[in-house]
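Next come two complexes built around chain A: one with chain B, the other with chain C.
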Partner chain A sequence: MERSGAFKTSLAFIGVAIVCLLIADIEISTLDPWREMGRMALGVVTPNFLAVGQLGEALAKTVAFAFLGVALGVVVGFASALLFHFGPVRWLSAFVRAIHELFWALIFLQIFGLTPLTGILAIAIPYGGIFAKVYSEILEEADPRPLAAVPHGASPAAAFFYARLPDAWVHIKSYTLYRLECGLRSSAILGFVGLPTLGFYLESAFRQGHYSEVSALLILFYVLIASLRLWVKARLVPLYLLAAPFFLGPGAEISLANITRFFTQDIVPHPIRAAETLDFAALGAWADWMWQIFTTQALWGIAATLILTQIALVASGALALVFFPLISRRFFGRFGRTLGHGFLVVTRSTPEYILAYLFLQFWGPSMLPAIVALALHNGAVIGHLIGRHVDEIPLRPDAPKGLNLYAYEVLPRVYGQFLAFLFYRWEVILRETAILGILGILTLGFYVDSAIADIRMDRAVFLIIITAFLNIGVDALSRAIRAKIRLTTTPERT
Partner chain B sequence: MSRKLGLGLLFLLIFAGNAVAKDFVFTAIPDEDETRLAQRFDKVAAYLAKELGVPVRYIPVKSYAAAVTAFRNNQVQLAWFGGLSGVRARRLVPGSKALAQGQEDRFFTTFFIAHASTGLKPGEAFPEKIAGLTFTFGSKGSTSGRLMPEFHIRKWFSKAPSEVFSRVGFSGNHSRTIALVQSGAYLVGAVNFKVWENEMKAGRIDPDKVRVVWKTPPYPDYHWTIRGDADRAFGAGFSARVKRALLGIKDPALLASFPRKSFVAAKNSDYEPILKVGKSIGLID
Partner chain C sequence: MFDLDKASASYNGRVVLRDISLTVRPGERVALVGESGAGKSTLLNLLYQQHQARAALIPQDPALVWTLSVFHNVYIGSLHRHKSLYNLLNLVRPRAREVERVRPVLRRLGLEDKIFTPAGELSGGQRQRTAVGRALYQGRDVLLGDEPVSAVDVHQARAVLTAINEAHDTVILAMHDVDLALAFTDRVIGLKGGHIALDQPTSGLKPSDLDSLYTN
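Up next, the complex of A and B:
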């Protein structure tokens, strides 16, 4: 029997994930997790909003960082999108978006310290890279007919603004709003490395076991994200942007000397810095240094990162297939769907980093917490998109119901779309996996974090560059597979 | 729309550029629960402000490295460092000086603690039976939670910790180390003896679940370090005044919050042994 490409690809990925699962470390190492879980559960039902000092300030700063970071990303991304036909612009944007916001934050902390600029740039730079790519795709897919109708001799600017942009505008707007939501998540997470956003207090509360405070912070975060569309209006955006810097405050002085030092000393590999002249001996020592780090750290980090990614990818897919009927009117009534929506909103809005942090407390530091965290979050993201899509599929009046509808009608029809979403998510999962190393799982982020703990920025930057290239490689592979099995439907960007 | 974005951004840059920190700012390595650190160091800030006659602020940081970086970037001028972080900071900021240490910091020790299920008993000799178990350090940049325990583990086994134990973790701070070993997430851990005593007094340790199995030989640890350019920024003789103020901390409640009996003078060379150990196990280039 002839099998489809999608079927064979799925099977291959499941096979790889099973092999990875066999070699992965998924042990539950806590002997007595129940006591802590009990306290956590108690915290969930007794949120204490008064316990968090400076709660309003933390919220305001979380929003302010997100707005300014995303806004700067939009400006940079839009400009780059117009120049996207130039190779270097494309490469640069691929490179900067391959590096996670938290890694950017760790780098900028070295240059600017705990200043607002650190948080803004940490969001703006990777987001700029993402905007560049997506905006250029949106502009490319815009209806070409208006452009063809532009009279000969019209200025390129006029042609762009009157014939190309209007059609793309609505997509650009909705994508930017979606990214703002991501920006809020990123901004909250930046608190984990010391910026004064929600994550800062969340980490403190978690670490000290103040779970009523944790749940209060998380509830506020969900309300913030769920209400996004109510308070983010195009007309109000300039106002928010003008107000944002005031919420962030002055921070500390930014010194040119620190910036110079970072580029001329900190990130220069130690053997080169230590050498008197740049001769063959120094270059040899440098090569040796790179080889050492590569074989003793990077290789192990890459292996763990890929193993975790592949398991999490397949687990995300499996969960998405379970989750999507929860919000579809083809499968559940109003009440069931409301519950389903609630569940998916919460899992989708909680950043993987926070979920992983939570599960680590339960199960100890193996890959298990990371797998569950990544699968829940990404499964909810994809499940939500598929669920919405399913409601738009026209069904015959005599279509089957329940499990039969799911297995013989809906699933076959959305499977291609599902795979496309999942492959889009592959690179996102990889980037998150690397960063989870900061929490103690032995992915690439662990080694980056260790280098930074040792104040060895040369090693940290070298490892971050390796991480970026791994990400670019997986992205290319994902594109190749999508092309091979002809997943030509452009999914809504996730 | 993008013009307005640009405007907002411009505001921000003006803001960031014009703000000049005139306050005397200090930080501390986040070695235990933050609430307690904030209570302790806010009191220290109030005390120093009174003694020095300048506004003094404490800023909390999330990691040992962040404390060193803030010191290096002159975002703080004074810091309560551990042995290792202090050595790192002073190597990065030429001219910076160790001012004062707790009386106990001259002879600091690390406790190796174990979960009761291991059956390990307290003893004078290095507990070699910990090999093959799970082990957690404190923060990656900690002296008592990383540097010294790793040094003794390597010395005894002639192997890296990752080869000695079935799993090696970094809890983040000493309070977490105790909590993790108590819950059995890790069976053995290395912890700062002062934090252990503090948590014991506070009743957060269940002696039926976790106990001390070994104490390392003494080494120098925590101390206050000031930047070399503090006199230029805050007036001649400022460092000396800070030192006098620190040595003059007599308030029993404040001393108890560290907890230290008193502060005594320290100098950079007191920490040579730490530098040597750091180099020997490859934590310092």
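Up next, the complex of A and C:
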């Protein structure tokens, strides 16, 4: 029997994930995981909003960092989108977006210290790279015919603004708003490396066992994200941007000496720094140094990152297939759908990093908390997109119901799109997997974090660059597979 | 002013025009007639390339920007006359002066009440008239139109063609309506199978004289 490319690809990925699961460490190491989970559950149902002053401050700072970071990213990204036909602009944007916000934050902490600039740049740089790519795609997809009707002699700028940009404008606006939502999540987790955003308060509340405060913080965060479309209006954005700097809080002074030291000493590979002249001996020592780091750290980090990614990818897909009917009117009534929506909003609004942090507290360090966190978050993201799409599929009036409907009418129709979404998330999952190492799981982020703890920035930067190239590689592979099995449906940009 | 000497053209690898020799003098009003696929659009584009800086083009597809208003779509016809910064300001907020300039053009085309309607909300005929408005507003002395009235009713078609003729010295229109072609032009060029099968002054031509173009 001839099977489709999509079917064979799915089987291959499931097979790889099962092999990975056999070698992965998925042990629960805490003595009494149920007790901590029970206390957290109790906290969830007894949120404590009394510490509102502190909670409000955490949220205001989270929003302020997100707004300024995303705004700077929009400016840089839009300018780069116009220059996207230049190879170097394309490569640079691919490189900067392959590095996670938290890695950028770790780097900028060394340069600018614990200042607002660190947080803003950590968001702005990777987002700038993403905006550059997506804006240029949107502009490219705009209707080309009006451009041909512009009279001869009109300046290219006038032609662009009248005949190119207006058609793309709606898409640019909605994508930017979507990214602002992501920016809020990014801003929140920057707190885990010390910036004064939500993650910072969350971690300290957690350490002290104040679970009711943890749940109050998270609830406020969900409300903030769920109501985004209500309080972010085009007219109000300039106002928010003007007000944002006042909420960032005082920063330490930026020291020029620090900046110079970072670029001229800290990140210069040790053998080069130690050598008196840049001769063959020094270059040889440098090569040895790289080989040493690569074989003793990077290789293990890459292996763990890939293993975790492949398991999380398939688990995300499996959960998405379970989640999407929850919000579709083909499968559930009004009440069921409301519950489904609530569940999906919570799981996709909570950054993977925070989910992983929570599960890690319950189960101890192994790949299990990371797998569950990544699968829940990404499964909810994909499930939400597919669920919305399912309601638009026209069905015949005598279509079957329930499981038969799911298996015979709906799943075959959405499967291609589902795979396309999932492959788009592949690179996102990989980037997150690498970063979860900071929590103590042995992925690439773990080695980066240890290098920084040892004040070996040269090693940290080298490992981050390896991470970036791994990411670019997986992105290229994902594109190749999508082309091979002809997933031509352009999924919503996620 | 237009001169083709044994010109040929292909479209998607298929030869559409063969050995076309043609001269159009300033002040002439020419109709290109013939079956669809006979090469009218290709010939128009060939002619347009000879005088891009002097000629306004009405493409067969209206090529409007759907999210912009009728006003802005017509104003696009004048982009080459203004500085980019001024164009940008007028895009963000229509200048009263420009609105008053565009208004009479739309009045002639029966679109004045749609001036601030997004082009995407117009009917097919209204879209086509907006595209004509954009061409008129270019203020060129030559106009090349590819089926400029195919989507509007006969009454409006006459008004549109009158407006086109009044605003331009030289007019070349690809048309499928033979009656309109004879009424509004003074020279008819008939295309058949990629070459010129007929080239005569309009005066004295009867619609039935063109029948041979449409039969095999």
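In this section, the second predicted complex is superposed on the first by the 489 of 494 C-alpha atoms of A that agree within 3 Å, B and C clash if a C-alpha of one lies under 4 Å from a C-alpha of the other, contacts with A are read in each partner's own complex, and residues count from 1 in each chain.
We adopt the following convention: a residue touches a chain if its C-beta (ideal position, glycine included) is under 8 Å from a C-beta of that chain, and two chains touch if they have at least 3 such contacts.
All of these numbers come straight from a predicted model, not from anything done at the bench.
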Which of chain B and chain C A:87 touches, first, second, both or neither: neither
Chain B versus chain C as contact partner of A:397, first or second or both or neither: neither
Residue contacts with chain A in the superposition, chain B compared against chain C: B
First (chain B), second (chain C), both or neither touched by A:154: second
Touching partner for A:333 - first (chain B), second (chain C), both, neither: neither
Those residues of chain A which chain B touches in one complex and chain C touches in the other: none
Partner chain A, residues of chain C touching it in the complex: 52-53, 56-57, 59, 61, 63-68, 72, 75-80, 82, 84, 87-88, 91, 131, 134, 138, 140
Partner chain C, residues of chain A touching it in the complex: 143, 145-146, 148-155, 157-159, 161-163, 166-167, 169-170
Contacting residues of chain B [partner chain A, same complex]: 1-2, 4-9, 11-12, 15-21, 33-35, 59, 61-66, 68-70, 73-75, 88, 92, 115, 117, 134, 139-141, 167, 169-170, 172-173, 175-176, 179, 183-186, 283-285
Interface residues, chain A side, partner chain B - complex: 29-33, 35-36, 68, 71-72, 74-75, 78, 109-110, 113-117, 120, 192-194, 200, 203-204, 207-209, 234, 237-238, 241-242, 244-245, 248-255, 258, 270, 274, 364-365, 440, 449-450, 452-456
